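Across the two complexes that follow, chain A remains constant while its partner is chain B and subsequently chain C.
Right after this comes the complex of A and B.
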């Protein structure tokens, strides 16, 4: 084994897009190899959990952890990697704020399992559902147990840095890797613990080139079906663009391409609850004092949870669609 | 670690009757010790000087760095306790008042639960106060000029009080003359003074006062600024008369060939011309041209007024003039509208010619009115032999307005007297309850009783003209139950007067919005405190007087006009005012210039820098209302006293018993 600093990357409840994004940094990936000894990266190389367990605590310099904590396996590995790593980075939207898997927090586990194993697209005539443990002649075997709700990484373990995005933009990943390499070479310093890295401090509007005026909204529209002014702020045209509350760092990719921001970079620096901020932001510029008309305007947002909490439900103040007064048994 | 003192008030039995205050104080001292609470006390009246001294003593002797008082609403005593802290050398803004009276003891019925909730509220206050920072109030100067909006008796009184004290007043009135509703009345109850005789001298004083700039036929369009420094945009509508040339001789309206039904001043009972002053003693004396009704504006010819004007004062196609005035205080005295009696179809108003409203009757019996004060039926010649007066038309009625319109009982008695005196007719008063509470009112009631007026206690069910007997033929029949006798009655009458409710102005909501005020559910403007601050509003520097705040009679209206003037004069004399240091500010790093907030500020304190694409808040204009703080989607705007840390800490404190102490930072 070389004496290069050790690097690990793990996926918990996620889609795998974050790994692709890391590979998408092109030749910069060679810098990773040149400067790090990759000790654990299930999607890219073979390794066993016991190998990690055998490592000395704190022996991994940098771990990029993507995915939310959905089951006991996720939690076990999160805690394991926390112990073994000097720097644990919540990498990508799922680890930061729950992302799409976090939307399942609106449903109880039973419903999630039913949906996954018994829908129109799943042929399950014998109503077979997974069990978490099963006795075989060779002994009892286990699969991970789903938790009542998905948690973000920092709701389970201490996190050193946060890198948002679904997935994080390649140029931002490259910049972060550059920074870590420079720190290793003594040419730069790490940001303070708890900082958001690989992103800006303002909102997507800061990077958006569209022109903006004082806003008033008289109706919400979909992106298709009517002409969209290519140079004017989408929100001013009634397109529910989430850029106003979303952290910058993506170069306003979606609005530049003519699509509204859906918020994958998560809450901006000063935002505590992303969805709540968006709701008050939108509501503030709805141009009507007539309750019925306001209702009609709001009907233009057919899926409020998807609009306001698509990426952030598990990381929001609410965290889940459960009563706050019931004690959870996690 | 902060040293926090917790003080729980009994408020006599107001709080202590429903909350175990001693237990709350002891709990705070014991359980919140690790959060920094060093002392917990309860006291009978925390707001008394002895209660305040308790706090002051602890600050000095225990070295408290934060104070939490659990008592009434901050509206009442926040200032009391802040001042106590200040006297003891602690920055007043390091004191937090949490309400366990309005929000706990007054709204709960279970003592155990109310006590538990009080503990939660105290815990929230403790967590919040930890995040407070010492603040200094901001001092701003007070512009000595005052704007009075509305030229009725309330506005007139207010304007004269201030002008007589030597300060400039702008008096804005949207009609061509000041005078308001009072100018329409004949006599005033209970003294039966002639309304014009007591009002017109005041109107003349307003018109000639060197300190009053009278802006009639004008409306306020926009209000910028804040207490002490308002900039008010006023539209002076074109009169089509050059007031520097006009002598008010009246030749123009004599010569004007166009007659128009006067539905404002004459309440539809009389006619006026297309160029007119509303009444003979109008102030100012200059007429206006009613463009929609003027033959010249309709057909392009006529100009009789211009031809005959001896001073060439008629100027067709004059343009509106928009002016901006700077004032320190604003008094709103925009008055009331009357209830539309057509809404009660069974009373036949609008369908039965001799059913009239109270305002119409005022014109009918006014010596300067369309009949020269003769009380006549619609035919213009017959004196009525029997007249009914229906009280509470549109008032005290769940279908229309639940409130009492205050003036109708006395007005009904006044009408009864006038009808008696002038026609000798039989008079019937149909009332629900007779309310004659003020000076000389009960005596007037007795006088009218002695005059032989019939009083029937019952709500009129219907007024119709369908006779059942010979005596009822050609009469109005009032169907009513006399609830004191318990019999249904049909009373044939010649004339019925409907005492219509006073209602908020039809555009009261827009006016409230323009001046940054709130309306009650009924639509009356809300005063700062219903008993102790009836002419102030929640917007500092904006005062209200008269019926704009709720129905009232002339003496009460005049008192309010004078009271509002006194409040304004107090501020003018003080020359400057300390404003709460609660301000919003923008973190420019986080502001992306999305412009969501740009159109929201009610005080126009938000400016946008196009070049840098960031928003800035003018601290002098900002009133700390928090609208932009809530709206900013980037969380780039924060408000002093209401930071995320403070609000979230308070919530965590409230939930202490649910989330456990270890969850607190």
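Right after this comes the complex of A and C.
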């Protein structure tokens, strides 16, 4: 085995996009290989959990952990990798703030299982559901147990750095790898523990090239089915753009491409609750003082919880809906 | 728990120039209102960051009362209208989370309306008592900090 520093990457409750984003750094991936010994990365190589368990504590230099903690397997590996790693990075929106899998925190766990195993898209006439343990002639087998709600990585273990994005932008990943390599060569220093890396310290609006004036919104609209000015701020046009509360770092990708920011880079620096910040912002630019008219304007945001917490529900102050807090048995 | 015996915890945000003085007036005039409400003074209802509401609800409050100067009378001109719009959005968001939107209430009270203030507190306490405890999963604190409690397991 080489004496290069060790690298690991893991996916918990996530979609796999973060892995693709890492592979998408093109030839930079060769820097990873040149500078690191990849010891564990289920999507890219064959390794068993027991291989990781056998490693010395703290022997992995850098672990990029993507995905939220939805079941006991996710939690077990999060704790295992925490023990084995010097630097544990919450990589991507799921690990940072729950992301789309975190939206399942609006439903009780029983409903989630039913939706997956017995709805219009799944023909299940015999009502077969997964069981957490099952006896076979070869012995008892186990599958992971679902938790009532998804947790972010730092709600379960201590995290050294946070790297936001759904997924993190490739140029940001490349920059972070460059930094770590420079640190290894003694040419740079690591940021303070707890820092957000691979992103900016302001908002998406700061990177957005669209022109803006005073915003006075009399109705909210969807982005399709009507002419949208290609150079004017989308929020000003009544498109609910989340750029105002979202951390910069993506070069304002969505507004540059003609779509509103939906907030995948998570809360901007200093924001405690992402949705609360958006509520403050949207409420400030609605042009009406009349309760009934305000109600009519707000009907233009049919799903406020989804609008304000699409990526951030599990990491928000409320963390979940009522039904996920109620411990429901299936 | 029987809802009759349940004593709700309510956080009230008051504006320095009107509702806080209304509460003060109620006090000096010895008007009685239930002790369930804990008042926090802001300079203006426009300072009411929705974060405060979510923080209150996730740290044990069963209801939140937001108060401010009557429309047109805010000492910072338009801020109570912003509070009004935030209030609407907070309620809609809570509804999406399955929380009764009536756990958050907005009241306009001038400095002279000590009696109105006490009546609003009284009726709100009864409304929240009827809704029962919120018990927000024992989840408190900053959304980005580690929780120490052991996760409940639910077999799927």
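Note that in this section the second predicted complex is superposed on the first by the 322 of 330 C-alpha atoms of A that agree within 3 Å, B and C clash if a C-alpha of one lies under 4 Å from a C-alpha of the other, contacts with A are read in each partner's own complex, and residues count from 1 in each chain.
In the analysis below, a contact is a pair of C-beta atoms (placed from the backbone, for glycine too) under 8 Å apart; a residue touches a chain by one contact, two chains touch by 3 or more.
All figures in this text were calculated on a predicted structure; none of them were measured in a lab.
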Chain A as common anchor, with chain B and chain C clashing or fitting: clash
Which superposed partner A:218 touches (first chain B, second chain C, both, neither): neither
Touched partner set for A:280, first chain B, second chain C, both or neither: both
Partner chain(s) touched by A:226 [first = chain B, second = chain C, both, neither]: neither
Which superposed partner A:113 touches (first chain B, second chain C, both, neither): second
Touching partner for A:122 - first (chain B), second (chain C), both, neither: neither
Greater residue coverage of chain A in the superposed arrangement, chain B or chain C: C
Contacts of A:182 with chain B and chain C, given as first, second, both or neither: neither
Partner chain in contact with A:244 - chain B first, chain C second, else both or neither: first
First, second, both or neither for A:318, with chain B first and chain C second: second
First (chain B), second (chain C), both or neither touched by A:201: first
Chain B/chain C common contact set on chain A: 272, 277, 280, 284, 325
Contact footprint of chain B on chain A as seen in their complex: 201-206, 212-216, 235, 243-245, 248, 267-272, 277-278, 280-281, 284-285, 324-325
Chain B residues within the chain A interface of the complex: 587, 589-600, 608, 613, 627, 630-636, 638, 644, 648, 658
In the complex with chain C, residue positions of chain A that touch it: 72, 75, 106, 109, 113, 129-132, 145-148, 151-152, 154-158, 272-273, 275-277, 279-280, 282-284, 286, 288-289, 291, 294-295, 298, 301, 303-306, 308-309, 315-323, 325, 327-330
Interfacial residue positions of chain C with respect to chain A in the complex: 49-51, 53-55, 57-58, 71, 78, 81-82, 84-86, 88-90, 92-93, 96-99, 135-137, 139, 142-147, 151-156
